[in-house]
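Which chain is which? They are A, B and C, in the order written, and residues in each are numbered from 1.
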Amino acid sequence: MSPSTPVLEAIDETLAVKRPAFEVIYDWVTTVDHKKIGIMYIVYALIFMLVGGLEAILMRIQLAVPNNHFVSPQVFNQLFTMHGTTMVFFFGMPILFGFGNYLVPLMIGARDMAFPRLNAFSFWVSAFAGLLLYFSYIGGSGLYAAGSAPDVGWFAYAPLTAKVFSPGHSTDYWTLAVLLSGIGSIGTALNIVTTIVCMRCKGMKMTRMPLLPWIYLVMSSMVFIAVSPLTAAQIMLLLDRYIGSHFFDTQAGGSAVLWMHYFWIFGHPEVYILVLPAFAFMNEIIPVFSRKAIFGYPAMVAATVAIGFISLGVWAHHMFAVGLGPVGNTLFVFSTMVISVPTGIKIFNWLATIWGGKVIFALPMMFSIGFLFQFLIAGLTGIMLSAAPFDWQLTGSYFVVAHFHYVLVGAILFATFAAFYYWYPKATGRMLNTTLGKWHFWLFLIGFHLTFDFMHIPGLLGMPRRIYTYEASRGWGTWNLIVGIGAIFQAVAVCIFAYNLIRSYFRGEPAGHDPWDAWTLEWATPSPPPTYNFAHDPTVNSRRPLWDLKHPEDPDSDYE
Amino acid sequence: MMTTTSTIPISTDSETSWQLPYRGTVGMVCLIIAEAAIFAIFFVSYIFYLGKSLTGPTPREVLEVPILGTICLLSSSITVHWAVSALRKNNLRSCTLGLASTVLLGAIFLATTAQEWYHLIHDDGLTIRTNLFGTTYYSLVGLHATHVIVGLIMLSIALGVSLTGHIKESHSEKLEVLSLYWHFVDAIWVGVFLVVYVIGR
Amino acid sequence: MLVLSVTAVIFLIVAGLLLYALLRYRIRPNDSGREPPQIYGSNQIELAWTVIPILIVVMLFLTTTRVILGTEHIPKPSGALDVTVIGHQFWWEYRYPKYGVVTANELHVPISDPANPTPTYLEMSSADTDHSFWVPRLAGKMDVIPNRINTMWIDPEQPGLYLGQCAQYCGVQHAKMLLRVYAESPADFAKWIEQQKKPANQDFTGNPAAAEGQTVFMHNACINCHTVRGTVATGRFGPDLTHLASRDTIASGAVPNTPENLRKWIDNPNSMKPGALMPPMHLNQHDLDLITAYLITLH
């Protein structure tokens, strides 16, 4: 598939000497190289994905049959809190920042990020935050001898988080860990924006930049505006708990709803922050495996920016049942429905990219196809939920849990898996094993649908979320059992994937510079790229510089 | 495997002017946006809770308009701007003077705030835990004061570099980035002044 | 229903096209290796698939607004019944201000006749953390928040027992903060209200255990948390027990109201609802028997 791709490498064939372990570790711990930091983010995130996944499995076992006694209510409440917090802050954000860290400088022809030391600092702060959260199992203290991990839910509604209702330190671990992770996120976002604005290679005007850096630019800008409200709210919560202030103290006239507003002003853009990089991966992968340029590049950029802006204005659709009144509810119904328009445009553009192309069903594309169907469904259940009266029944129920897992797992995780299979060869120089990959794909697909398709049903039948058990007479038992079985499939699939990652590092097929015959700048470097990325600063004339080189008779620059 | 230099064509049109913005400025703008969002939430809390305290002193009863502090802080924006322009013209003495005045004016501002708080706590009995007004007032003004302190530390370091004769014209971009931060701190104070001392009273 | 059909149609069309594209344009084994024609975009197509979704959104929005206004913005019928709901960690308090009735965990309402509606308006607040009142077959949910009053209405037309539970995580026993709404004919409801208005039963003829049980009860810490109307027990922290024996369940719907369960609950609530805020009363077996005998007379 790959004709000889021109490569920007210096003529430097010195063989790598085998170095002592201590030196390697020291190198990684003190590195400021965006590629190493990116990999550390990703490995760190994968470890937390396994931990968060384990928490999910434990919950599904507890809920598989009615009136189960697998774990106590206290432990269950900690599990769903830790699962949500871990997956959003210590798996989702790090893995997406990890890919961004690795790919953005390469794709814009730069040598590193704008602020390499800030980059390292942001990573280590985030890493510490994750460890801090889990230290709570050992460090905190609770009133009911309930263990010490936080148990207030990942959105920690007030006044449940007040000192009087959550004595001990478990809530503080949650607050501090998430606060620190927010600081790390703001640092990385700052780096990404500055890198994209200030360090593009010659000729790469904004309109010639690949879509992945565009999306990371929008996503990072959203981080500034979205993560900060959460930081502010957590400072307020800490003040309430320790200095006796009254921000969310309903006994002193404070407002529980204010916390909800602040949290969701963060929380909703946050989920778009998580999903935009998934779109970015799809924007790079789908064209390559359809052998066609992305359809409607300007529309994709415009849609991304629109999604960024509109997502800042939909937050109260998480609060339709709070009693905001018909005017408030109607406003947020409108903004939520409106955001479906640019999102739909993206799906249509991907469809048009595939149309008339030549679809290659390699593993990155298989996961991308899963993404396309599943994101479509997730978006549609989202539209259902955007109708407030529908939401009044289904918010806080398993229907919502199914919806957002459809986005988080069905769309974002599938896109991330696609990104792994696509870029692992670049980062390691080896291909991931295809057979193991197919097992991973099919097992995960079956497990995903068993779990999350059927999870909609208990929601429709009235099962609320965050309950540690339920009565047999409610009729939810069978569905929960099926959901649990799907979880086991997914766990096995993920284990296969983890094994593939490790095994292929040592025994994978050598990848070469450009195994997929792709078109963006990172494929013009060796695999893995040297520390300096490019021997000579590239100059580009179009959005797909490598297409121009491979097809000098019909370059993109003629059409842009 | 094809290699090396002439594989990516050097285009002719972008030879001369591939100038992208200075990284420090862009980074500082990003930081300012994030900090502005944090402050916005504290402002929202202040405004939302106006008039909702169940007990205790009200703004009208205890707040006095901080004229001196405000004049000092706003003037310090002028002096820091003066310091940056001086450095750009390689006028090192003026730069040092400008930085020194900025630090001094900023310190006076902090002193007036400290004095105001002392008076509020000891004479009026208003603390952060007294009521909603106390909570939102101290947190907002306190957050601002913290940012002033950080700015003053950075400015003092710059002043130190300048006094020991190590500052150069090539540092002017970095000094400008610091001055941007200081202008931001001032702009927030304008907001605090209007919301807390004018509208809220 | 409209929303469901619109989204279903969208799904079928888009997924159908996607499936078709993937099959029709898949790479064949005898592929020439030439790249397909590169098509960069089309303004008309972009316009089309922007405008059509906007129209769909406008239509959905207008229909949704109509339903929102029809639920939240309508005048209250004169025959409506007012109930005050107070959410607690982990039980529900119900007050009927018009009748001076206070009860817990089981809400009785009259059914409503469409010709002459008598819905029940619930004015809700919380005594501690956030809760949410959700009985799916009667209405959507409404959060129950401290320092805030939220109002919703239910309008059952069929008599029966409607089940639900708290739908906003409120602590350890959120899962067992169940809701039981008994919709009854106007006559049955009137009978129930009459009974609830009476003060607590004081007639222990032929039941010396119950009489002694009352004494034990009134001399114990029970009275600090519970109210039994007409006695010295005026505590407001726990459920009103005046007519405890008229309820089908205890522990907010968690277990059936039988003497065995009641006795076990009083002995140690954590054995049935670990984390419930009622502490174990540390009574000896004899006192437990007496108090249980007393409580089961409180019809």
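In the analysis below, a residue touches a chain if its C-beta (ideal position, glycine included) is under 8 Å from a C-beta of that chain, and two chains touch if they have at least 3 such contacts.
For clarity, every value in this text was computed on a predicted model and none was experimentally measured.
Taken as a contact graph, with one node per protein chain and an edge wherever two chains touch, the assembly forms an open path, each chain linked only to its neighbours along a line. Looking at which two chains touch through the most C-beta pairs, you get A-C. Averaged Cα coordinates give chain A a centre that lies 33 Å from the centre of chain B. Separating the centre of chain B from that of chain C, both taken as means of CA atoms, is a distance of 50 Å.
Chain A and chain C, compared by their mean Cα positions, are separated by 35 Å. Shared interface positions of chain C, defined as residues touching 2 or more other chains, are absent.
Across the assembly, chain B contributes no residue in contact with two or more other chains. Shown for chain A are the residues in touch with two or more other chains, namely 253-255.
Residue ranges of chain A in contact with chain C, taken from their complex: 72-74, 77, 144, 146, 151-153, 157-160, 165, 250-251, 253-257, 290-293, 295-299, 321-323, 325-326, 329-330, 333-334, 337-338, 340-341, 344-345, 347-349, 351-352, 354-361, 369, 372-373, 376-377, 380-381, 383-384, 386-393, 395-397, 461-462, 464-470, 474, 551, 554, 556, 559-560. Looking at the complex, you find that chain C touches chain A at residues 3-4, 6-7, 10-11, 14-15, 17-18, 21-22, 25-27, 31, 35-42, 45-46, 49-50, 53-54, 57, 60-61, 64-65, 67-69, 71-73, 89, 128-130, 132, 134, 136-137, 139-143, 145-148, 150-151, 163-175, 274-275.
By the touch criterion given at the top, residues 1-5, 7-11, 14, 18, 20-23, 26-27, 30-31, 33-42, 45, 48-49, 52-54, 128-129, 131-132, 134-136, 138-139, 143 of chain B touch chain A in their complex. The touching residues of chain A, counted against chain B in their complex, run 4-9, 11, 114-115, 186, 189-191, 193-194, 197-200, 202-203, 221, 223-229, 231-233, 235-236, 239, 243-247, 252-255, 258, 262, 265, 513, 524, 535-536, 538-541, 545, 548-549.
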